[in-house]
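Below, each structure is written out as structure tokens.
Shared between the two complexes below is subunit A, which pairs with subunit B and subunit C, respectively.
Up next is the complex of A and B:
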């Protein structure tokens, strides 16, 4: 038992300061992303969420260039990007995706420029793939405050947002300012994506946003349950990912695998597992329904 | 700018742009912007894996692009399309990051794979790129009618026996091959801009598919040529110019379309006035 424990939690894991910071940041970011993600998946805006990740990358790399902390850039340009996407986006799904794609392409181009001009090493890796183990404890404060803001916004608008998501026309008829709600949601999304860029990097923030939420929505139809499930899955993915990254240092070669890889892998596995579970549950329900139908048919026949 | 070491770049760009323009036309038509963005990311993983194993980059690109396309197609049957695309995308990117972390040249490798490298095309790559390009164009020509049908009127296509799902897989495969051939110059993240900016602009200018495809090729060529020239002159990454120019092309197309709409909208006004005057 002790050996298994030692194998799972390699020495020094719980004592290491960077690990503490990583666990806290990872946990907070996972929760914020999961909650935002549930709405994102329901609104069918996975592409938009991903695009904001790439816009964040441009912001982070730009901030690094002028000597600011990447977080400021991640969140700052993310908010600007959300505004631009809302402005040029139209109601029809295809045009919205096209507009999103163009913004994404331009943002990636800007990232290319900023990272190229930035001569310090490690910039590309940090921005695109995350720096959760090199984050300072000062970052925790910023992450927690911004995360709380995003969550509070979502909590405030969650009812009108749900209605506007399911049926924008009915929401508008009921006097809900659909456009304003949409903008508020986009801002929360921008902040959430910006924060998770710290953990897994801008490109992979999508994993924590979409994965746990999609897995949760495969397991349950009720929004409140889905939000809780998504948070649990997200935090588990982040923490297991961090643990595996730390452990990988002790396996085989001396090079760690990036933390973003482990987190994304766990999220992906969770999604596939949720799919299997839901299909198993569906087949069980179907079998039960058939058995019951047969039984009642027998009763009638008898 | 036209020195011998730049010739390869111009050649590859001239092969790549028309293919991107043609395939991109259907990407825009089908609203497949997200998969078109996701598949190149798979290509990135492939190139990283190829670098790790020491095999040809183009082979790694092609294999992983195809895997990504098929994965999105397969998973997309059971789950929501956009969710599946998002997750497949990040999984492939994360794989790429993992592969790259095992090689020694982590940083410059990521950069040139993701954002393109003007001088990154060797002469030995020209022929395979040309071959892939011809294969993609051939694929589009073969698929043209069923593809147009299933993109524009899916129900009619189904009635005619064109299976939407099969066409989707075939189309994603073509996108994958297009990606594989273009990543070396433009980079994994930016081939996507070439596939949606110029075609979107072309579609804003005309609704006739034949003309739109031709315009899409022209605009894509112009974009890539200007991007190479600008990158050479200012020493900035080619990807930046591709992204920016695609956005400009798209914006110009939308402005033009909006202007045309206001012009045609004014025409019925005298008719309306005559009706209201009579009333």
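Up next is the complex of A and C:
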């Protein structure tokens, strides 16, 4: 028993200060991303979320270059990017792809420039693939405050946002300011993606956004349940990912493998598993229906 | 030929449209449209595609600015945010994967405009169950709403619109994507609701025949103009010819009404749009 425990949790995991910081940041980021992600998947804006991740990368690398904390750039430029996407027309179905594509292209170009000019080693790795183990405990406060802001925004607008997602026409007729609600949601998305950039890196910031939400939506037909399930899947993915990263040091290479890889791997596994579960539920329901039909046919025959 | 033909436009009118004109980028969409709908009346808003039906409904909802004219709903000048109006828009495309049961969509009709997280309550649940029952949707109340059939979705959307207890229910082409049987079911459901709950129904359609048995009143639109009255008053050759601006004939075939382009050399492009059957076959 003790041996298995020691094999799962390599020595020093619970005593390590960077691990504590990583677990807290990972957990908070996973919750914020999961809640935002349920709306993102429902609104069909996964690609928009990814574009904001690229904007985040540009912001983070820019901030690093001029000596600021990357998180300021991740979130700051993300918000600007969300505004620009709205101006180009991300809320209209026909110009949605266009708005996303233009902003995404511009953002990657900026990142390429900033990361080229920045000659300090590890900048590319830190911005693009995350730096959760090198985050300082001071970052926790910023992450928690920004995360709470994003969640509060979503909680406030959840019903008008849902109605506007189902039918913008009905929402407008009910007096809901559909455009403003859409902008508020985009801002929450930008903050959420910016925070995610801290954990899994800007390039992979959609992993915690889309994966857990998509898996949760396969399992339930209620938004509230989907939000809870997405949070559980997201936090589990973040924590298991952090644990595996920590353990990977002892796997022989004496190097830590990237945390983003493990988080994404767990998210992907959860998505596949959710698919199997929903198929199993469907086939079980079908079997039950057939059994019932056979039983009633038997009754008629008797 | 506006609502002047109507006898006794009483104070009980739940909707009064007076002299409404709308222009969109220089094109006149509605020209001096006037009519009224009484409490609990079933009114068909009939006309070919492009006649201005959707624009008129948007004006009534307060979503479209007018160049002239007024709209009064339940005695109030502004319909937007007016809980006295329920609305089922045209072509609501519900994603089959939408994580929402029929019951949840109906609940959004009650409080979808409110801010904050919804607090589950007995009263809310009961109101939703009552509405689902009123539209015979109990059977599929817990199914994913996007996976229901067109007719079933239409019922859920009607329940969603009725839950705020409106005095006027607007439906934009609710029969457009339904097969004949489901369409017929929706029509009798709406007629029953209008009668039992005293909700006035204003329903747009390009085909009037399925509605003839239940309509108290017709608002016929063509080329942005409207004529209103009972079906017998409005669906007449001279009335509709004036409306279209060229000669049309109204034919009665086995209890059905066909509006066809006249032989007197009309405007061919519009004929094709509104003729129920090709003019060649009818004549």
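Quick note on the criterion: the second predicted complex is superposed on the first by the 292 of 302 C-alpha atoms of A that agree within 3 Å, B and C clash if a C-alpha of one lies under 4 Å from a C-alpha of the other, contacts with A are read in each partner's own complex, and residues count from 1 in each chain.
Assume a contact is a pair of C-beta atoms (placed from the backbone, for glycine too) under 8 Å apart; a residue touches a chain by one contact, two chains touch by 3 or more.
Remember, it's a predicted structure, so these values are computed and weren't measured experimentally.
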Combined model on subunit A: subunit C and subunit B, fit or clash: fit
Partner contacting more residues of subunit A (subunit B vs subunit C): B
Touching partner for A:42 - first (subunit B), second (subunit C), both, neither: second
C-alpha centroid angle, subunit C to subunit B via subunit A, nearest 10°: 80
Partner chain in contact with A:162 - subunit B first, subunit C second, else both or neither: second
Where subunit B and subunit C come nearest after superposition, their Cα distance in Å: 6
Contact residues of subunit A, present in both the subunit B and the subunit C interface: 44
Residues on subunit A engaged by subunit B in the complex (per definition of touch): 41, 44-47, 49-50, 54, 88, 93-94, 97-98, 100-113, 115-117, 121-122, 124-125, 128-129, 203-204, 206-207, 210-211, 214, 218, 253, 255-258, 260-261, 263-265, 267-268, 271, 275, 279
Residue ranges of subunit B in contact with subunit A within the complex: 28, 31, 33-34, 36-37, 78-80, 82-83, 85-87, 89-91, 93-95, 97-98, 101-102, 106-107, 110-111, 114-116, 187, 189-190, 192-193, 196-197, 200, 236-237, 239-244, 246-247, 250-251, 254
Of all residues in subunit A, those that touch subunit C in their complex: 38, 42, 44, 155-160, 162-163, 166-167, 169-176, 217, 220-223, 225-226
Residues of subunit C defined as touching subunit A within the complex: 61, 63, 80-81, 85, 87-90, 92, 94-95, 97-101, 104-105, 108-109, 111-118, 142-144, 160-161
